[in-house]
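Input: structures, listed below.
Shared between the two complexes below is subunit A, which pairs with subunit B and subunit C, respectively.
Moving on to the complex of A and B:
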């Protein structure tokens, strides 16, 4: 989870490091802690530490973690040469380690040698059949090859055993959304909400899936989940505010002409529209006219 | 603030010790005049109250700042989920972006 304060700190450190202000190691630690994906920056600043013998020896045993981080970043930037050098340093230090074995498999993946990578992973799985990371790599490899149905099958098998793995549920949900299998995606998001009931982004994603599916019942549910996302973010999530507006407009269209009892009180949608206008007034005044005219055409503000 | 809080805590502890000492002395005196002990004298009670306040203030300020429990405060509000690094794949569009050729791991 990346909180607002942590994100601000990450951006501040990134700015500082990019402008040569020092603090590269703190930045790399924060990137690792928040699991942010910034391969180009990690590669640049990580190498600057690794190429400086004094700075490197100051890290102590953390040095090897940095080698691993830089190796993965290098693969992400398609700099296989650097990744290879880092991994060879690591395998000299830790011969026969599973963790380095995983990195070697990933290097083969980055090279596009899928069959070799699979052999490496299968060998690692033989040694330790419960290695979750290697199993996830197999799934990722199926996805990278474009075998989405295989990836889904593997993921489902994996989730039968490791049901508490939230990352895997999220991955499966995203794959299902990309395949337009919204019902299944909704199930995955329900699992995620059960695991972490206070993360607004899961509520938001679930609401979006429900809204996409359509139908009065789903729209009403979506509206509730958008409302809870707004509740958890204190109204600072613009996407949730828009979602709520769109949901209420869609519900009003469906229930138009029905008897009054079906209709919900319109206060929520007006409040959301008001909050949107206020937000834009503060942060992006140039776009304000666009937003107000859109909201006016939806009859949410007068 | 920490220094002041700590000093208040020390003062509170001393007051507490003094109150105990005064009570012991008071009881000793009661024994001499052969009266029943019904409760501590007024000045000890006041001293105890002051000591309690001081200790409470110290206990609340010295250990650290309070963390917010509101879900929408800046510390707790989740703005983005971590990148799903376990499932990262390498054949993405980053492939066509040029990378700085000078970067190299020196041995």
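Moving on to the complex of A and C:
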């Protein structure tokens, strides 16, 4: 996650470098530190340093880090030729290195030689069965090939050990949602909420999974999580507002006719609808009629 | 001082400078030897997993109120049950942890290597200095010092009449041994020049016992009271929306 201040600094540096103001190396360092993904810029500025022998030798041992960074960026940009050159420089310098081995595997992936890439990764895993990066590459590759069940299997194996890795949990949650395995997805989202209790997006995603599962209990829970997403975003998240409206309508349909004793805040859905209308009025007046008619049919606004 | 000692320039040329040069060279040599002997041991899966389990249990503890109580209870059982819970450490294993660590040949080997690369050159140089340079007054520092510094600067000459600002050769050896660290970090790069005191500290700190912190996490998870934060959230959201609409 890149913080706002860091992102501003990154953009400022990027601007400076783009306009020929120098500081390319600082920019590249910052990109690496923040793990930002800006392959085109990295490729351009990294290559300009690498092609300039004087600038390159000024880096000292950092030169090889730059080769690695540029190689990855080049693969991102489908410049496999550049990546190949960088990697061959690295493998001449560090023969037998695991880190270069990973790059070679990625290069094979970029070329579409999946089977070869897999053999490379398997060899690396034999040397070090707990290599995080290689395991993640295997998962990504399985996903890219469409072997979703294999990807799930690998991910579960990975999370068995690295169970505090949020990104892996998120990936798994998304895969489960795409497979319509909502119970498992809900578990993953719970795990994400535990990791970052104040990130509204996790609450929202969890609520959506609960809403999709249906049933009175789940719907009520979904409504609460939508409410908490609204709470954390200050009511600015349209998706959460819509979700809340839909939830309350669904709950009303189920409990129709029964006595409504567990109404905690009966006005919440009306307020959400009102907030939606206001939002559309400000930002997309053209669609306002559509929204009002929908909400009217849900009997949320008069 | 009336009768200032005048040091022969030959002492400078044949004692002071060779001693310093030898100390630097030995430091560099030791760095490369320890680099050769260093074995990069891979962390084993169990240790990795224990660390991650602890992080996850802490997350569960701090974020417990944000998930429904059913989910919380399921997780708590998963972590703390007595049969195969993640945080549960069998009794006999907990006691053996320390013993295992010492019987682990890799660990012992590593310690040996560290010790060897530290101890052997040091004792050799000390013997060498003692043999060739004992009893020299090797240098004079340009400011006066109090008597308490005598033990530090005049190790090896037992004369109380010599002024404290004179440095004996053996003391010069010690000063070099401990004082060259900054110089090494300059020529060998940062972090490379680990001095001996740091090494000692590292050796002391390796006895980290994961099973103890696992048990601590288990206890604190066991006593936690789950109080779902969300029932109140609808009111809060209502207030937020009211504020927004106003």
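The rule is short, and it goes like this: the second predicted complex is superposed on the first by the 199 of 302 C-alpha atoms of A that agree within 3 Å, B and C clash if a C-alpha of one lies under 4 Å from a C-alpha of the other, contacts with A are read in each partner's own complex, and residues count from 1 in each chain.
Everything that follows uses one rule, which is that contacts are C-beta pairs under 8 Å (C-beta built on N, C-alpha and C of every residue); 3 or more make two chains touch, one makes a residue touch a chain.
Values in this document were obtained by computation on a predicted structure and should not be read as measured data.
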Which of subunit B and subunit C A:234 touches, first, second, both or neither: both
First (subunit B), second (subunit C), both or neither touched by A:167: first
Touched partner set for A:25, first subunit B, second subunit C, both or neither: neither
First, second, both or neither for A:36, with subunit B first and subunit C second: first
First, second, both or neither for A:195, with subunit B first and subunit C second: second
Larger contact residue set on subunit A - subunit B or subunit C: B
Touched partner set for A:268, first subunit B, second subunit C, both or neither: second
Residues on subunit A lying within both footprints (that of subunit B and that of subunit C): 231, 234-235
Residues of subunit A touching subunit B in the complex: 1-5, 7-8, 34-37, 39-40, 43-44, 47, 50-51, 70, 72, 75-79, 81-82, 85-86, 89, 106, 109-110, 112, 133, 136-137, 139-141, 143-144, 167-168, 170-171, 198-201, 231-236
Subunit A - residues contacting subunit C, complex: 128-130, 160-165, 187, 190, 193-195, 197, 221, 223-225, 227-228, 230-231, 234-235, 244, 264-265, 267-268, 271-272, 274-275, 278
Touching residues on subunit B, where the partner in the complex is subunit A: 70-91, 94-95, 97, 99-100, 103-107
Subunit A-facing residues of subunit C, complex: 42-45, 48-49, 52-53, 55-56, 59-60, 62-64, 66-68, 71, 75, 230-231, 233-238, 240-242, 244-245
